[in-house]
Amino acid sequence: MTHPSTQPPTDAGGPRPVLEAHGISKRFPGVLALDAVALRLFPGEVHALMGENGAGKSTLIKVLTGVHPADGGTVLVDGSPHVFTDPLQAQRAGISTVYQEVNLCPNLSVAENILIGREPRRFGLVRWSEVRRRAAELLTGLELDLDVAGPLDAHSLAVRQLVAIVRAVDVSAKVLVLDEPTSSLDREEVAQLFGLVRRLRDRGVAILFVTHFLDQVFDLCDRVTVLRGGRLEGEYPIAELTPVTLVQRMIGGELATLDQLSGRTHRREAGRAADEPFLRARRLTRAGSIEPYDLDIHAGEVVGLAGLLGSGRTEAARLLFGADSADAGEVRIEGRRVLLRSPRHAIARGVAFCSENRKSEGLVGELTVRENIILALQAARGWTRPLTRAKQDELALHWIEALDIRPPDPEAQVRHLSGGNQQKVLLARWLLTEPRLLILDEPTRGIDIGAKAEIQKLVARLAGEGTAVLFVSAELEEVLRLSHRIAVLRDHRMVATLANDDSLTPERLLTTIATGTDS
Amino acid sequence: MTPQPATSGAAGGPWRRTARHRLLWPALVLFALLLGNLAFHPDFLSVRVRDGHLYGSPVDILRFGAPLVLVALGMTLVIATRGIDLSVGSTVAIAGALACGHLSTAARPGSVATTLTAVALALGVALVLGLANGLLVSGLRVQPIVATLILMVAGRGVAQLITDGQIITVTSAPYKMIGGGYWLLLPFAVLLAAALFALTAFVTRRSALGMLIESVGGNPTASRLVGIRAGGLLVLVYVFSALCAAVAGLMISSNVSSADGNNAGLWIELDAILAVVVGGTALTGGRFSLGGTVLGALIIQTLSTTVYTLGVPPETTLVFKAFVVVIVCLVQSPVFRARVMRRRAAAPRSPATAGTTPQEQEVRA
Amino acid sequence: ACSTQGPAAGPAPASGVKAGSGGRITMGFAQVGAESGWRTANTKSVQEAARKAGVELKFSDAQQKQENQIKAIRTFIQQKVDVIAFSPVVESGWDTVLKEAKDAGIPVILTDRAVDTKDTSLYKSFLGSDFVKEGKAAGEWLTGAYAGRPGPVDIVELQGTTGSAPANDRKAGFGEAIRGDGRFRIVASQSGEFTRAKGKEVMQAFLKSQKHIDVLYAHNDDMALGAIQAIEESGKKPGTDIKVISVDGIKDAFVAMTEGKINVVVECNPLLGDQLMDLAKKVVAGESVPARVETEEGVFPQDKAAAALPSRKY
Amino acid sequence: MSTGTVNAAARTARPLATVSPRARTRVPLVVTAVLLVVLFGAGSVRYEGFLSAQVVLNLLIDNGFLLVVAVGATFVILTGGIDLSIGSVAALSTITTAWLVESHGWPLAVVVPLVLLVGAGGGALMGWIIHTFEIQPFIVTLAGMFLARGLCYTISTESITIDDPVTAGVAQTRLYGPGGLFVSVPVLIALAVLVTAFVVLHHTRFGRNVYALGGSESSARLMGLPTGTTKIAVYGVSGLCSALGGVLLTFYTLSGYALHAMGMELDAIAAAVIGGALLTGGSGFVLGTALGVLVLGMIQTLVNFQGTLSSWWTRIVIGALLLVFIVLQRLVGGRRAAGR
């Protein structure tokens, strides 16, 4: 591949880049995360930053915006060199950023999270009514209607992601950086967001956009910078690429791998051995989060949960795991009535739950990859029956390889892993407990295309081997591809359960989601 | 198949490396303190055999440091769960008071059986106190600092109640052994502390206890969702902390053959927390280092001894300690070290860095 | 020296009848805390004397904090007690609250320590000991014991809690007594915080850092008793190789003295309950009382120890 | 890409009515206040002379300085930090004030601002060290505690009485209200501090940054908030409040003494925590802290009124009352919703 300095972009004679970086290097203990990477952003363009999990995308963004000091290289804003040592400085220089892990303050209200640092004031005092009004107004821009005075931590991850975006957009900067903003949004929100991004682009804002969804890149972006293993692979106008060539650039792989990717995983026939479902929920409910619902999940079956943002998928799933306790209703597992008062009870009955919010509900950042992987298994065994170190290493290495976790070092602290790799660690933790029912809430969030295909295959295989799976995802394609049946939620109510046979077209599913009735 | 970011997988594994690294700085600080003493008193480190046991300042540091090591050990586990135990000082006092109270009223205080009963009594009550703390924290979800504050206040009263506000003096050779006796040349207290340290390290690191505690302290929500029984662990660490404090209390009272309900263990919680923090365990919970804690406790004890041997006047003792503590934490701070290194590296090169931007120089300055 | 009997107070109970303008006297007593055995003995003596004298006692423990003591006195004023007595945590800073008491017409008696105020009308009487005098007595005994012997005499000092009144005064008094004589030098002086454990720890360090020690002067018996253990463990004989001077006069110290481990104890008498009740009654009855009543305190060298031991009450 | 079929209205109506989450955060505060009234009621029933407005005012008079330092501690606790130097800095202020006024004859009007400046500066310095070198606040402020207490001793180990008429005048002025009730000047200062702190925390950018910092420091930084300056300022505020608390203590006792305010940091922290602040940061109210101070003061008053407790029973009863209070607070206020 060619180095950017030797290959000027097509529009080199055009306007001056608003943000330019050369030779950016960043070394973490033991890892050279960025190796002389360059990037240029022009006003009025949407620029995609692509690469596999751990390629260095987030690190590049953090170095550019002063979160991490660079080990080498220069950053030019409007042609003049800048060294940021704090995100605040970057923001003041006109670079507004949404970082990958949603970074907001859960203890503050939604309105504050959007406007803190820029609150409208009078005589030095914050004008709260104005804060709430502005925040509500900004949210309506994304067609979101929330109680802006309520605390942020009452809201799901997707809502938080949108709040973070709204906050960044409101800074009205020259450069807007979005690191995987769409990872837990559904189509509707993505469309809203893209509308917003296009409007900003037309106003001359330069937008740097990180995603693992190829269609989104081709939909929205003008140019692409591809990173591979911490090095710059190249910078291309999107018109010169096809999805296949782009993937090729990202993974640098051969066509064989690509074939694998395009070969879609198809759900197998559910091997419904018995009529008795593995789990049967009846009139299960929790005040304030989900209305009574019925759900059966058979062994060997994948049940998808579909619905819009905030429709209550996560909340429905949490009840089945005892993460929240139900107010009423009953759950039977293999015909026996069970009280799921805490996750322990659920785990003891073979249920596993992989949370959508890996940062606050999933991983223990300080522990190593190995420890995070074996944590659930060890917890189930109790502290007096430790897994031997050899066994731990074996399990960790097995799953590191199976899910291609990078760096493949079981002793790395998990918080130092890239977002996608963290997600894989979380998955590995639950997969190795060999659960009877696996609840996956947004399991492919932030995972690159290659790994996503792997994970989908894995889910299909597990189901084939008799595991019951509850699959929650904002990506309808994924749900459609994997599920045998799809339960649709709307406004915290389960409105329909559809068999995923040939009669279920994406359009039909969408209509059900939107209207609540299966026409 | 794809180029990987270069990972330097050094032999011995990064685990080993970081462990070694984490203890390096506290160890260096301790070493420096000892060297400082040596400069003023050339025979500071000399250890002789006298009356069939070792005699010398290092032995004193270990012996007087032993109770602090114990209290800090328990505190380490509590802190690893994001907690804090302020009641250890009172537990120290109660344990000593109970044991001496029992011995002083017993018919044969010199007998081993009586001593063992006294010890058992103290440990038993400490167990109950630890349970109380643990239940308040895990059952009622009271914040640890208030939960243990209650016992800190009331516990000292209980100790005074037991001793009737007086100092109970006892004469019991077996009891004297715990904190003042010698075995195999070494102070028994040191051996006891070392044994308990080894046991704790063994249990936490060989079983899954250590990891689960770190998990609960590192991310309580996530820990709940993986099914860790946090409640039980919390009770366990508070009980352990109370037991450690009780043993320390026995040592302290045995060393002076008397129980002082009013003053025994006063402010020891502060020293213990300091030891834990100096040893590299964060008060925010998560990863803990028992070895670091031991080093931290020894640093604190060495500091006190240094004050006595250097003859720092009591009015300036605290100022002296403040400076040492500041230096200790600066030396331990990676950011500080990085800055010092960078400045040193940058200084000779400063003409060459003319190419860097003004902002960058500002940052370095 | 004086009588070996601690509370050599007058026949207190007899005067009980004429007290008060009718009925029982209520006394508010604000104690420093319970920081030492000495203090507990002090508290007990007051409580027992009150019972004997038929005085209703409101007792408050300030846990060594002046603020708490002031609060307690305010509460006493609120409760309209007949007389307030207290042992000040510290000499200074009582004017405001004592004025409030005076305005409310409640007489105040100080015990144990004096307060530092220009307006002596704020309290009726002071009953207690003089720490400076105790220090001086200790120093004088030392100069006496070394009379005619060649110097130098190397002294190590175990101070009380830094900044506390007894520590300040006992140090000052002792220093004053030995100042004139060039033979005496204090080679090391550290705080042992009035406790046995610290006393032992500090002495242990002294024994290693000081080449030669002739005398140990401890600001209280507990530190001295701790230090004695350290001296014994170092292979020396307390009382012989190193002379030990101590203040307070608790029973354990007398026991140690009979064993020859302490050379002299300067008494600081906590048993002033009877004297206090006596004064209180007089004050309430409106009789005139002396502005300063010093408790009887003695200096006990080794030879008097055995005789005095059986009568030690605390 | 866009489905077009989904109308936004489908997502807007929230069918599930719940208690306003904002109101939920206030519950502990209300519970604490109610319990405080119950405590006062119990005292009134039990002790003669307890049920009087002056008892309540005395609570303020006797705890004004604690209120001020606890307010400072609240700022620090809200950021998830801790300040152990509070008591020592207060002691340092008492002794410096007394020393300068008495031994050097400086006018009070000069000394007080100076003392406050030193307190704020010292606090800010600690904050700077904590922030710049990423050292745990516990150690840095512990060193601050040693240093301030040590400086006290180097100034004077003896206590210093203040006879200066101006100081005495301020200290002994009683502000009478209806019915012969009175408060002291320090009470007004303490209340002013409380109100100011409330306004600052809830209505200024700085105050909101404090909460943000406590909610998540890394997030606050990534959101482009001035975490460094906020942190430094918070410790500065704490230092300022400690110094001011020390000045009020000087008025209260009309003296300076190196051993004043021993362990006051613990009282201050306890007050904040009893008032509902989380030591992990991000949650709590200054008004809660004020309630916490009153709870501690009330317990002390109850014990004083009892008047028959021996020293050890005093401690045990204080502990027990605290226990009862905390347990009731937890049971009545309900457990914190299992965090999501």
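List of remarks:
First chain written, first letter: the chains are A, B, C and D, and each begins at residue 1.
FYI, contacts are C-beta pairs under 8 Å (C-beta built on N, C-alpha and C of every residue); 3 or more make two chains touch, one makes a residue touch a chain.
Here is each chain with its UniProt name: A = Sugar ABC transporter ATP-binding protein; B = ABC transporter permease; D = Sugar ABC transporter permease YjfF.
Just so it is clear, the model here is predicted, and its values are computed rather than measured.
Here the chain-to-chain distance from chain A to chain C, counted in touching steps, is 2. Among the remaining chains, the Cα-based centre furthest from that of chain B is the centre of A. The distance from the centre of chain A to the centre of chain D, with each centre set as the mean of the Cα atoms, comes to 42 Å.
Centre-to-centre separation between chain C and chain D, using Cα means, comes to 36 Å. Centre to centre, using the average C-alpha position, chain A and chain B are separated by 42 Å.
Contact with two or more other chains is made by residues 153, 157, 311-312, 314-315, 338-340 of chain D. Shown for chain C are the residues in touch with two or more other chains, namely 34, 40, 43, 162.
Of all residues in chain B, those touching 2 or more other chains are 160, 165, 221, 224, 314-315, 317, listed in ascending order. Counting only pairs that meet the touch rule, the chains in contact are A-B, A-D, B-C, B-D, C-D. For chain B in complex with chain A, the touching residues are 1-9, 13-15, 206-209, 211-212, 214-215, 218-219, 221-229, 233, 286-287, 356-357, 359-360, 363. By the touch rule above, chain C contacts chain B in their complex via residues 34-37, 39-41, 43, 159, 162, 188-191, 193-197, 200-202, 204-206, 208-209, 222, 225-226, 229, 233-235, 250, 252, 314. Residues of chain C touching chain D in their complex: 28, 31, 33-34, 40, 43, 47, 57-61, 63-68, 70-72, 74-76, 78-80, 90-96, 99, 116-118, 161-165, 167-168.
By the touch criterion stated above, chain D contacts chain A in their complex at residues 1-3, 5-8, 10-16, 18, 20-22, 25, 199, 203-205, 208-209, 211-212, 214-216, 218-226, 228, 282-283, 338-340. Residue ranges on chain D touching chain B, taken from their complex, read 80, 82, 84, 129, 132-136, 138-140, 142-147, 149-151, 153-154, 157, 266, 269-270, 273-274, 278-280, 311-320, 322-323, 326-327, 330-331, 335-336, 338-340.
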